[in-house]
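The following pair of complexes shares a single chain, subunit A, combined with subunit B in the former and subunit C in the latter.
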Partner chain A sequence: MYHSKSTKYKALLFIAPFLACFLIFWLAPVLYGIWISLNDYKLSMGNLGFVGLENYKTIFDTGSVYHTQFMNALKNTFVFMAISVPPLVLISLGLALLIDNLPSKLKVFFRTIFFLSYAISVTAVSAIFLWLFNANGGFVNNLLMTMNITNSPVNWLTEQPYAWFVVLISTVWWTIGFNMLLFVNALDEVDGALYEAADLDGANSFKKFLYVTLPEIRNVAFFVIITTVIASFNLYGQTMLITNGGPARSTTSLIMNINHTVFSGNQLGIGSAMAIVMGVIMTVVTGLQYWANLKINSDGPKRKRKGRSKKSEDPALVNAPLPYQVDGKETMKK
Partner chain B sequence: MYKKKWGLVLATSVLAFSMAACGDDESEESTGSNGTTQIKFINGFTGGDGSYMTKIVDDFNESQDEFEVVQSQEPDHYTKFKSSQYDLVIMHESNLETYIQDQMIQPVSSFLEGAGLSEDEFHPAGLAASTVNDELYGFPLDIHPLTMFFNEEVVSEAPATYEDLVTLNNEAQSSDPNLYALGIPGSGLVEFYINMIAAQNDIDLEQDGYLNFAQEDFADALMIFHDMVFEDEISPAQLGLDGEFQTFMKNPEGGGKQAAIALTGPWYFQAAKEQYGDNLGIGSIPQIGDGTATAGNAHILAVPSNVQDGAVKEGVEAFLGFLYEPENLVNWAESGQTPTHLATLDLVSEDPETYELAAQNLEQLDDYVSMPHVYNYGEQMRYMNEIVFSKLVSEAGLTKEALMTELEMATEEARQFSGQ
Partner chain C sequence: MRAKKIKTIILVAVASILAVMFIMPLVWMIFTSFKTLGESMSSSALLPKNWTLINYINIFNGTSDAKMILWSLNTALVTALGTTLVIFVDVLAAYALARLNVAGKKLFLGIVVIALTIPGIVTLFPAFYLFRNFGLIDTYAPLILPYSAGTLGVFLIYNFLRSFPRELEEAAYIDGASQWQVLFKVIFPTIRPVVTTLGVITFLAIYNDYLWPSLVINSNEMKTLTLGVATLIQGSNFVNPGAMMASTVIATVPALLIFIWANKYFVKGVTNSGIK
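Up next is the complex of A and B:
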């Protein structure tokens, strides 16, 4: 009955919209991108013929200018990923924890405040940070010099590591609200009974965070890390508008480089090959994260069991007074 | 069986996309709702000058009922032009060779004749900007050279030489240590500076189709910018993107360093006028190198290769004939651009108050040196723009030897981008 033809057709009808969207908006562009990367494709002149892997060879040919620019952009993107993912995850988690401990009325208020920056366009964010960090009479330099912290202006946008610093804090300020919101929702989902149990076991705040909160929000944290890494790979607007890829191309990201190769350099074929290589690198990085998460998940329960049994076997811990107990008697927590 | 079906679906999708990417190379006549032949005109005039070009287009459309110019003003008009069909396009001199080699534009001598114009109606600088291999590839519209704006409260007379700049700087510094003669940018308009100093020292950067920066004379010439910042200190260091204009516009009360002069693009005229009002002076580029010369870029009206239809050609000619009537093109001078059409320049000269900037810049036309016409000019210049010039004005200890090493790298990049 379930395998009748009409049932199959009905099922096909239901999944048809998804399939159509998948084919049109994902699979076909990806395949078309791969096809372009195998051709000598110029934006102005169109397809000048199939060249096989020639565009990929150009990217990996150490004597080629495209290689130099691609590797430089790749290195810059990894630098940004390394410096941006930890604060974007940890600060957003910290903010979420702070908000989670606020009274519910204030919780909504601050959640909105912190999320608000995420709604601002990158152009406006860049304009704000350009004004703040302009070396010549910018707000931050004026402040530092007025307070006698520095005698001469800091070249925030034209010297490293300051340029990365500006890109980093503009990114954190701009996007922190999104990750924070995911963490706030995840914290809302944590069963209060677990905290009560931990209280009874005498766990302090740090231990409650480590043994209750973190395992409970682990999947969301994993999602946040993956999406933050992917977003870091897609760095474009901030470096384009704040540092213009400088100083000396040190903040030129992969997307900026691809954009330049295609639209200024007219090399759609080579640009597409760069995009495909970038996609492969992102897939590998995401795959590694996924594998690491699976590994942690599979190891997790064992560690948990080990910890619990250890604690129960340790008489010192079993008999130790809870932090808010006086002389072994429980008192009201202030 | 199922595999086959899915294979078929995939193949069809890919084929559909491939077909969508292919198109007819020849533009066909488009007819407007009232039976007029439409001329699709694309340009990148999205700033203040856009409305002046729109006025010319509107006036043309109202003047007759045979043709209709449909104008698109796009910030990324080159990308749009590459991927769609147009009948007339505004092109920069810097891109001319690239679009000729990519076979996207055609010679315009026959169009010039059809529009009732001749080459001797244009200033030689405009013709040089529009000519490649002795063939005219566009109608010279304007030249926008590096322009000097100055604050008349500080500068009594526009400096004409490097020595004048040093003297001005000494005076400015003695009155206010945060006031400099000018600001040298780290990036942005620096290719105008690079071409200007090459032109003033009579250095030809073009060699076999690419830009050869690795020349001893050129390194010496470039070091003047380093000296302006670190030796004579007539400019603050590390000004970054568009630093020449930002420093000129800096309000001294807001802190930071200010410049009395800006060597910048004429498109900043309106903003500078708003800030300085009647105290805004306009001058020619001073002699910083061995001789007098200025550089910049030019707007050219080019006809795409796909324009083959007789009616469309007639429409293009009719519009260009109308545009080059001095009373129409003078609108373009009002926007601040300097037309290279001689009869229009006469009108500008007669009324320097109305056409303040154009009237001043037309004096620079005789000194204008065309930029090198090479394939992928922008990409060939990129290393100079992004790395070399920035080092010149930010590294106090930069030596000529270190500069030469950078120039060799810039040349190698240029050579590869030229396709040689």
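Up next is the complex of A and C:
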């Protein structure tokens, strides 16, 4: 009755509202962005003509200022990735293991505490850490000076490596709860019988973690690493608001640089080309991680279990944009 | 047994210390908002020596450039409409894909999957330029509409429905229920948990979004709380930590309360959103 031919097209009506939104706010911008990147587009004057791949050449022309800025931002983003991904993955796993071993009544309480900062916007996080670490009148400097650890204020925000440290610590505080939650839920699902079997074999805690827990949460760990890498590509709010890209543009991220190119530089065409190059780099890095994961899967000991764990390898699911990929954390969350 | 008890006590102690460290920035934010300018600049103590409401009073009597009331109203409007829109279009689409025989279903699912893999940065600036071309900068439209293009919700609900048996719906059809009746009376109660999850995720995403609103909103009157706080950081509030923290408290508390309330839906839902 609801499978006849006429209902087949009637069913399209249910999809129509979403399809309209998707076409207007996703597909149209994607195609328009590609078109803009092939033209000499100025933000103030509009399209000054088709230039083919000229904007892309500019980005890769070593004599061009846009090249210098783009490569600097790319380097900074990779620096951030290198310093932020390991703690965001390892500390969150540590917290999850801690919570997993607590009595179940306390589990919920501590899980909520560690996940709390997830509900806070990047601008509020920045406001807090800006005033914790501000050189003049910041709480940390006041504290350090009262305790006579230092005589003069530390320039947390305007000197390296302090600036990266503040960006890192604010990011860890802001986003670690999300990774932790994914690990907590994964640990929840590990079959208790596996631990009992390991106990019978006389395994200690470390061995149990290595041979029982780790293989069981492998797919979730992979998912956490991928989303954390993607999120660190999208670094924006923290460096925009806490360090303003400084000192000497050393914390200017890729998105900050595109923003600067479009708005301060009036170069919408070049900025759009940069965004597409950035998108391609992100896709390649994500693809490489998949490849590495598949390779480890096929080379490593065959621990993969059938059924439940298979589901999580659906690439579409692993790539699902997470809520925190929408600002700063998308762009690092969010 | 005794060794196990000691182990538990140690673990709880460690967790408690970490928890205190974790909420310290929030505690500091709240206490600093009750400090005077002089004290907030020089204080090395958590608690204020002289409690003051001056930072909050200045916000609400209009002497500060923090338009917190206006920004709160904007945020309420934008998050309510944006979240409703996302749920509406996603539920209809996911229902059709999971239950009805839709023309071009495979193609559609393919597009949804591809869209999930393309980084958001690619759409950001062209979308801004499109809204500008249509004269919609500094309006509510760009703050509400674009979130509806996300495919995550369709995915979530589609997967949920696919794993749910159809018997109830078929029984309802046999009893002579119409498609809309089935949708509202049978499907909707079924998918409520996943819709709640999607609602909270979407609400927080819109509430906390900074980059996109910063592109499409220029006027102070149209800002959301999150964008407003960014302006305060870059503006005159920068010289007064107490005033800054008062604004941040006001901007943060609504999201925190909703988050704590929705925590139980969220905790499982987040996992479902990506992994399962």
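The rule is simple: the second predicted complex is superposed on the first by the 273 of 334 C-alpha atoms of A that agree within 3 Å, B and C clash if a C-alpha of one lies under 4 Å from a C-alpha of the other, contacts with A are read in each partner's own complex, and residues count from 1 in each chain.
Rule of thumb we're sticking to: contacts are C-beta pairs under 8 Å (C-beta built on N, C-alpha and C of every residue); 3 or more make two chains touch, one makes a residue touch a chain.
Please read all numbers here as calculations on a predicted model, not as lab measurements.
Visitor: If you stack the two complexes on chain A, which partner ends up touching A:A275: first (subunit B), second (subunit C), both, or neither?
Guide: Second partner only.
Visitor: For A:W291 in the superposed arrangement: first (subunit B), second (subunit C), both or neither?
Guide: After superposing on A, A:W291 lies clear of both subunit B and subunit C.
Visitor: Please indicate which partner A:I24 is in contact with in the superposed arrangement: first for subunit B, second for subunit C, both, or neither.
Guide: The answer is both, since A:I24 touches subunit B and subunit C.
Visitor: Taking the superposition as given, does A:G137 touch the first partner, subunit B, the second, subunit C, both, or neither?
Guide: In the superposed model, A:G137 contacts both subunit B and subunit C.
Visitor: With both structures placed on chain A, which of the two partners, subunit B or subunit C, ends up touching more residues of subunit A?
Guide: Residues of subunit A touched, subunit B against subunit C: more for C.
Visitor: According to the stated criteria, A:A248 is in contact with first (subunit B), second (subunit C), both, or neither; which is it?
Guide: A:A248 sits against subunit B, while subunit C stays out of touch.
Visitor: For A:F50, decide between first (touching subunit B), second (touching subunit C), both and neither.
Guide: Neither partner.
Visitor: Under the stated touch criterion, which partner chain does A:Y32 make contact with: subunit B (first), subunit C (second), both, or neither?
Guide: A:Y32 contacts both subunit B and subunit C.
Visitor: Which partner does A:V220 reach: the first (subunit B), the second (subunit C), both, or neither?
Guide: Once the two structures are laid over each other on A, A:V220 reaches subunit C alone.
Visitor: Of the residues on subunit A, which ones does subunit B touch that subunit C also touches?
Guide: Correct list for subunit A: 24, 28-29, 32, 43, 134, 136-138, 142, 145.
Visitor: For subunit C, which residues count as touching subunit A in their complex?
Guide: 8, 11-12, 14-15, 18-19, 22-23, 25-26, 28-29, 32, 40-44, 85, 88-90, 92-93, 95-97, 100-104, 108, 111-113, 115-127, 129-130, 145-146, 148-152, 154-155, 173, 179, 201-202, 204-205, 207-212, 225-227, 229-230, 232-234, 241, 244-245, 247-248, 251-252, 255-256, 258-260, 263, 267-268, 270-271, 273-276
Visitor: In the complex formed with subunit A, which residues of subunit B make contact?
Guide: Those in contact with subunit A are residues 9-10, 13-14, 16-18, 21-22, 76, 78-79, 82-83, 98-99, 102-104, 186-187, 236, 238-241, 243, 246-247, 250, 254-257, 376, 378-379, 382, 386-387, 390-391, 394, 412-413, 416-417.
Visitor: Using the touch definition up top, name the residues of subunit A that touch subunit B in the complex.
Guide: Where subunit A meets subunit B, its residues are 23-24, 27-29, 31-32, 35, 42-47, 64-65, 134-138, 141-142, 145, 153, 155, 157-159, 244-249, 263-266.
Visitor: Touching subunit C in the complex: which residues of subunit A?
Guide: 1-3, 7-9, 11-12, 14-15, 17-19, 21-22, 24-26, 28-30, 32-33, 36, 43, 95, 98-99, 101-103, 106, 110-124, 126-132, 134, 136-139, 142-143, 145-147, 173, 178, 181-182, 185-186, 219-220, 223, 227, 230, 233-234, 236-237, 240-241, 254-255, 258, 262, 268, 271-272, 275-276, 278-279, 282-283, 286, 311-312, 315-323, 325-328, 330-331, 333-334
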